[in-house]
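In this document, chain identifiers A, B, C and D correspond to the written order of the chains, with residue numbering beginning at 1 in each.
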Amino acid sequence: MSEPILKVENLKTQFFTEEGTVRAVDGISFEVNEGELVGLVGESGAGKSVATSSIMRLVEDPGEIVGGTVTYKGKKIVDFEEGPDGELRRSPEMLSNEEMRKQIRGREIAIIFQDPMEALNPVFKVGAQLREFIEINRDVSSKRAKEIAVDMLREVGIPEPEKRYESYPHQFSGGMRQRVIIAMALACEPDLIIADEPTTALDVTVEGQILDLVEDLQQKYNTSFVWVTHDLGVVAEICDRVNVMYLGEIIEQADVDDLFHATRHPYTEALLNSIPRPDQSVDELNPIKGVMPEAINPPSGCRFHTRCPEARTVCKEVHPTYQDVSDPDESSHFVSCVKYEDVGYDDAESLDTEATDAFSGGLVEARGDGQ
Amino acid sequence: MGRLRYTISRLLQSIPVIVGVITITFLLTDAIPGDPVQIMLGPSPSAQQAEAIRAKFGLDQPLHVRYFNYLFDVVRLDLGTSLYYGVPVTQKIAERLPVTLYLLLSSFTFALLTAVPLGIISAKRRNKPTDHISRVVALFGVSTPSFWIGLMLIIVFSFWLDIFPATNLILPWESPANVDGAANQLGVIAKSIHHLILPTITLGTLQMAAFTRIERSSMLEVLGEEYVKLARAYGVSETKIVRKHAFRNAQLPLITLVGLQLTGALGGAVLTETVFSINGMGRLIITAIQNQDFQLVMGTTLVFGLVFVIGVILTDLSYAYVDPRVSFDGSE
Amino acid sequence: MNMSNATNRTDADESGPEQPEARVGLRYTLSQVKRDPTALAGLAVIAFMTLVAFIAFVDGVLFDFLSDFTFFANLGIEQYLLANTFWVNPVVDGTGQILRPPVYMTNQLYPDQPGTWAHPLGTDHRGRDVLIRLFYGTRIAITVGIVATGIAMVLGMLVGAVAGYYGGWIDDALMRGSETLYAIPFLILVIAFMTAFGRNLTFAMIGVGIATIPTFARLIRSRVLSVREEDYIEAARAAGVRDRDIILRHVIPNSFAPILVQATLQVGVNILIIAGLSFLGYGAQPPTPSWGQMLSNSRQYMLPNPWFSIWPGIAILITVVGFNLIGDGLRDALDPRINN
Amino acid sequence: MPDENKTFHSQLNRRRVLQGIGGAGIAGLAGCAGGSGDETEGTGTSSGGDSSGGDSTESESTEGGQSSGGKLRIALVKSPLEFDPLVLNDVPSSQVVDRVVEGLYTYDENTGIVPLLAEGSPTVENDGKRFTVTIKEGATFSNGDPVTAEDVKYSYEAPVAENTENASELNMIDTVEAVDERTVQFNLKYPYAPFKTTLTWYVVPKSVREEDKEAFNTGNSLVGSGPFTFEEWQEGNFARLAANPDYWGDPKPNLDEIEFVPVEEATTRVTTLKNGENDIIEEIPPKQYPTVRSIQDASIEEVPGIGYFYAAFNCNEGPTTDPKVREAIDYAFDMDQAVSSYVEPTGVRQYSPYPLSIAESWGFPLDEWKQIPHGKDVDQTKALLEEAGVPDDYTFKVIVPPDDKREQIGITISNGIKEAGWDATVQRLDWGAFLDKYVSGDESEYNIYTLGWSGTPDPDAFTYYLFGRDENTLGVTNGTFYGNNSEAGKQVSEKFIEARRTPEREERKALYEEATTTLLEDRVHLPAYNLKNSFGVKDYVEDFRSHPVSSFSITSDYNNVSVGNK
């Protein structure tokens, strides 16, 4: 396998608030290969968007990337080294903000945001916004940028692109705006596009159209994608490989087929049980019980234990290791669950949680109070 | 489309407001105790003198007759004759209005020119020392009585330091012959600005502070918008983001506030004009009220109302200019 | 978006508080405020001012009944009679120079004149203690600010609710009316009002209250309009709950937090307006000490002794800052986007 | 007497003047009567460089330091409003017009009346009902026309014929005859003792004024015989005069230009004096005296005006109709102290309705009158009020005009009453409301008021209007209604009216003394103070004089202002 174009290792991003430190991304690792469409799945609040912002180095105050390495085509987007006093500090190889802006953002990695209604500036014409980004990232004249923009609008299926070029965002529907945003991303000819829940805000039919469009274009341009979503249906439809996030951690990673058919982590399983699946028919859907605890004070041990139907006492005590548990015939399949470790899971007592039947009390644990 | 038509229709829509202004003022002035004729003639007018005056100004008519007469006169652009000055109200207003508008314009310019950069810097350096300083300045600005600022400025800059004059606002188009030490029009303008500085700060501080506060919060809000993040994600520089991508959007609440502050500023002009002995509309209306010069009270209030209405329309027009989502014909 | 109705737009964009989610209740807001140091500072300022006002009030009452026992007399301030502003004899000291700068500051025009600890801020042109006049002024400023706001709030809520509730021509008429009030600079409006009905504090409060009705009317009206569309209101309506009850039980309680913010800020604004009015001679009648009137009086003495102009100004400043801090704190609590 | 008519109306009763006094606490207006020209017959020689080069409309002398000529900037309290001397009726206007228009007679440095356009004293005949005046030879208006008897006749008749606001000042005149080019004869309806002051009335050229009265009033065509000519005026901003190059009299003015600017706020006026924006400022309030004195290059020029400020009682209704109550209130406070606290050094204590200069020139028994007011004795107040049977819960109403000094007097009185155990309120009213109320005689409106009065330097100007009981005064300018409940009051009024038609000075004096003593003992008025005409003057301004009657003098036979090196 060739070298991945994006390699994320042990990335940590924290938010320093008055209430305490929020470990929004707590040591995640994954890779994106050329032309690959990698999914990043999880409930709201799992840290997906923080992860993508971290990759773009766009984390806003009071958030801060505190550790790990992100390598893009050999360039260190994030990199830390140990200082003389043992503290972590930015390594000299890590790109400066200016370099990030000029070399990476838009040019190499483009991003598509969740809400197309908000992502276009309402007071500027659509074409002008498109043209500006193209000019910045492709070093072309303004005139040429306009041609590219119009072509790209056509490409993403906007009728009468020359005319629509002159329109304002509010004159577009939501789906159309998302097409514009996609056109924006593609027009800059990046090698990687991070799509942060790009279809969540759209209705289902439009979502389908957009997904088809992305698949087509992805094949045409051979662009790699990181596709952030909470919708496993979308994942199943377009992704090659999937990372499942829970409370700042990636708890399972596998090829899309393996994930759906050889699910390892109880959380992933719970997620899958909560959605209708075309390949299986079930009598009823089982939503995941409880609410995800706050990342400011995550549960001890396995972070999912408070909601895990298979939780046992050991889950509370032991933080599981993220390890490859793939069968020989599988490609890699990482999971982070004590079930696959030799820490006494089988002997441990079952734990009372809201997801186990025994649990019938209040929401104390679910609040993330831990013990 | 239809910017002109829109303006005209807005003007027409403002007619009820103007009529309302006339009605309220009419009822209030009528309720003021005391006999204007007596104030005018002194305490010992002869009966026929008083009668003559009453008849001349229509004061012998019942209230509703006077009210409708006044409305008709207004339609004919006749605001009557000032009892106090003995000249047509329109003439008096024509003399005084430019002064007040000049002062308003200058203080709003001052307010905007300081508030916008201050608000933006404050938002960009949020929770940094610059932000704290600018927020404290703005907080004090909205909390300080403007006339007090004026008094302090006079003490310090006119009396102690003797840098700026304390009175006598000169209009920039005044003839050089009427201005001491001004050889030509340029000299007049220089003098005019010199005289304008203290009143401008006095009247403009409150606006400046209010504008800074709203500029900061709207800039903060806009800087958190998705489209700003998007621009950032596409490698647009921070400077350009602030100057271009966020700037226009951030001005929208400010534009609305500018319109709303207009009447407040007209009120503030009364105080500023009093402190600096400026003969503008504010002092005119106070003189009119104190002397029960009904025609003049009515006329000046009416003009204040018009200034407000026009101000609001201008606000709307500039809002529409900045925000393409707003259209004049009511369609999306 | 259609602009044909400017009032609609300004409703939403009013500099007042953003419309919070309906579930953001008063209690939540207050709990947020508790965490905000600046808002707490504001609260402290106002609490202090209120305490001063209260002491001044009690002192005034005590003086009326028990002439020889008062707080200020017990504080050891000599010549208490000088302080009691409702009841004063002018006393001029031997030199005829009754203006004194404060103890710890020298006046550049009269560097030889020391102040006294008995009159830390000096005495005024009638020989009254400036500090105590400031205390008494606090009482008036706060009372007047709050009462005027209360009038505007109650009437504004009524007008706004009726306008939003009935809609149609009633709405139009009321909103035009409130626009009309807005079109006359309120200082002018209040002065005309006071000239017509009476030149004293009561009419100043009523006048300012009436002149600021539009602020609250618009706020409530826009709430009524938006809440009317909410699902639970529709449900209530479908269930046969009367609109009137809906407004009273749902709309107004739900709007209380933003109104509280507006009201807090308005108290500060009103204190400024009333100071301006007093400055022009339209406020408290003479012996009654109001800050604006003290400022107005002080103009004559401004050059020989600027301190007389400075103290009342600072008192106004501090009080209004206090209300603004609280108002800002409340607003921030309601609109977490900005500051959280 | 039914056809009794008003004479010189003092200016203080006029709306605009009252305003001026009220608005900014102005003091120096007393006696700036419209009818006072202030240039006197030139006897001396010109006291300095005359303005022979003086048609100086384009002068820009303020920047430089010319030693002769030059421009003078005077800050008045209010802006002038109109300039037709026959129409104008406010102090600032007359302050400007007085430089442009002259009268037959004028005042000397003090209150004496000396010829100006007239040659010598008037001849009085027919029991004081006929006055004959000769116009000086060579007197011309600034347009070159000679001053004729016809112009004089016109100037005295037009205000009455046109029923201007000044009509009442001249309507004791029955006819005016132009005997020849230079001789005028005034026939009065009745013997009017103070007529000499009336002869200071303005003289304007008939032909010019008749041509366009409007232009005459706005100043555009204003022509007079004075040392200055009218240049330009912007209401509220400035009024500018230039030296009259062809001035007929002596001395010729030293100044090239005078500019009058209105600055209402006293503090601001003082500031403009300090920083040189203005060369002279009018009216310094009491507490600004030290400030003005502290200005290195300026000093104060002042002289007591012809005015009278007082507290008065409602003798028509309510407890104050009882002399005991009035005396009780006199006991409640100390007017001496009040005046020294709130009025000095801007004014002086006055013990009678007559300004000191009048009282002295008439030889009134000031020492006796000075003994009448009581010092403060609250016990006496209590005793007297109880004796008079004033209910314990009675609230005395004091109304004051919008003027700080009079307000302070009002507050002092009310504090005294409160101290005695009764309640009292002080209401500061706008002029409109005040003028309405103080002559209503209505107990529910007022028990006590404070007010001021000013006039010509003749006792009549103070007695007739304030105590007269005819239809022109009672409830018009007399708000005390003294005499409604007392015989003494009626007699006082009769004596005052008799005095004004008695040509014999000694007889008049006796009448004034008797009546005045009665009213002071009856405590109808509590005389308070008189204000000074005070000016802050830069040191480089030379020879500027304040004047008791006409507020100040620029060019006269006893002074001629010039501007030295700044």
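As a working rule, a residue touches a chain if its C-beta (ideal position, glycine included) is under 8 Å from a C-beta of that chain, and two chains touch if they have at least 3 such contacts.
Here is each chain with its UniProt name: A = Nickel import system ATP-binding protein NikD; B, C = Peptide/nickel transport system permease protein; D = Peptide/nickel transport system substrate-binding protein.
Just so it is clear, the structure is predicted and the values come from calculations on it, not from any experiment.
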Contact distance in steps, from chain A to chain C: 2
Farthest chain relative to chain C (centres taken as mean CA coordinates): A
Closest chain to global C-alpha mean, per-chain Cα centroids: B
Between C-D and B-D, the pair joined by more C-beta contacts: B-D
Rounded Å distance, chain A centre to chain D centre (Cα mean): 90
Separation of mean Cα positions, chain D and chain B [Å, integer]: 39
Computed distance of Cα centres, chain D from chain C, in Å: 44
Where chain A and chain B are represented by their mean Cα positions, the distance between them in whole Å: 53
Chain B residues counted as touching two or more neighbouring chains: 32-33, 151, 154, 159, 224, 274, 290, 325, 332
Shared-contact residues (touching 2 or more other chains) in chain A: none
Numbers and ranges of chain D residues touching at least 2 other chains: 265, 267, 270-271, 430
Pairwise chain contacts, counting only pairs that touch as defined: A-B, B-C, B-D, C-D
Parts of chain C lying in touch with chain B, wherever the complex brings them together: 1-4, 6, 9-10, 13-15, 176-177, 179-189, 191-193, 195-197, 268, 272-273, 275-276, 279-280, 292, 295, 299, 302-303, 306, 309-310, 313, 316-317, 320-321, 324-325, 328, 337-338
Residue numbers on chain D that touch chain B, as the complex places them: 6, 9, 13-15, 19, 58, 60, 62-63, 71, 73, 79, 81-82, 89, 163, 165, 168, 232, 234-238, 240, 261-265, 267-268, 270-272, 274-275, 277, 430-433, 435-436, 439, 472-473, 476-477
Chain B residues within the chain A interface of the complex: 126, 224-227, 229-237, 245, 248-249, 322-325, 332
Parts of chain B lying in touch with chain C, wherever the complex brings them together: 6, 9-10, 16-18, 20-21, 24-25, 28-29, 31-33, 139-140, 142-148, 151-152, 154-155, 159, 210, 214, 217, 220-221, 224, 252-253, 256-257, 259-260, 263-264, 266-268, 270-271, 274, 285-286, 289-290, 297, 301, 304-305, 308-309, 312-313, 315-316, 319-320, 325-328, 330-332
Residue ranges of chain D in contact with chain C within the complex: 25, 265-267, 270-271, 285-288, 290-291, 294, 337-338, 340-342, 402, 404, 407-408, 411-412, 414-415, 418-419, 425-430
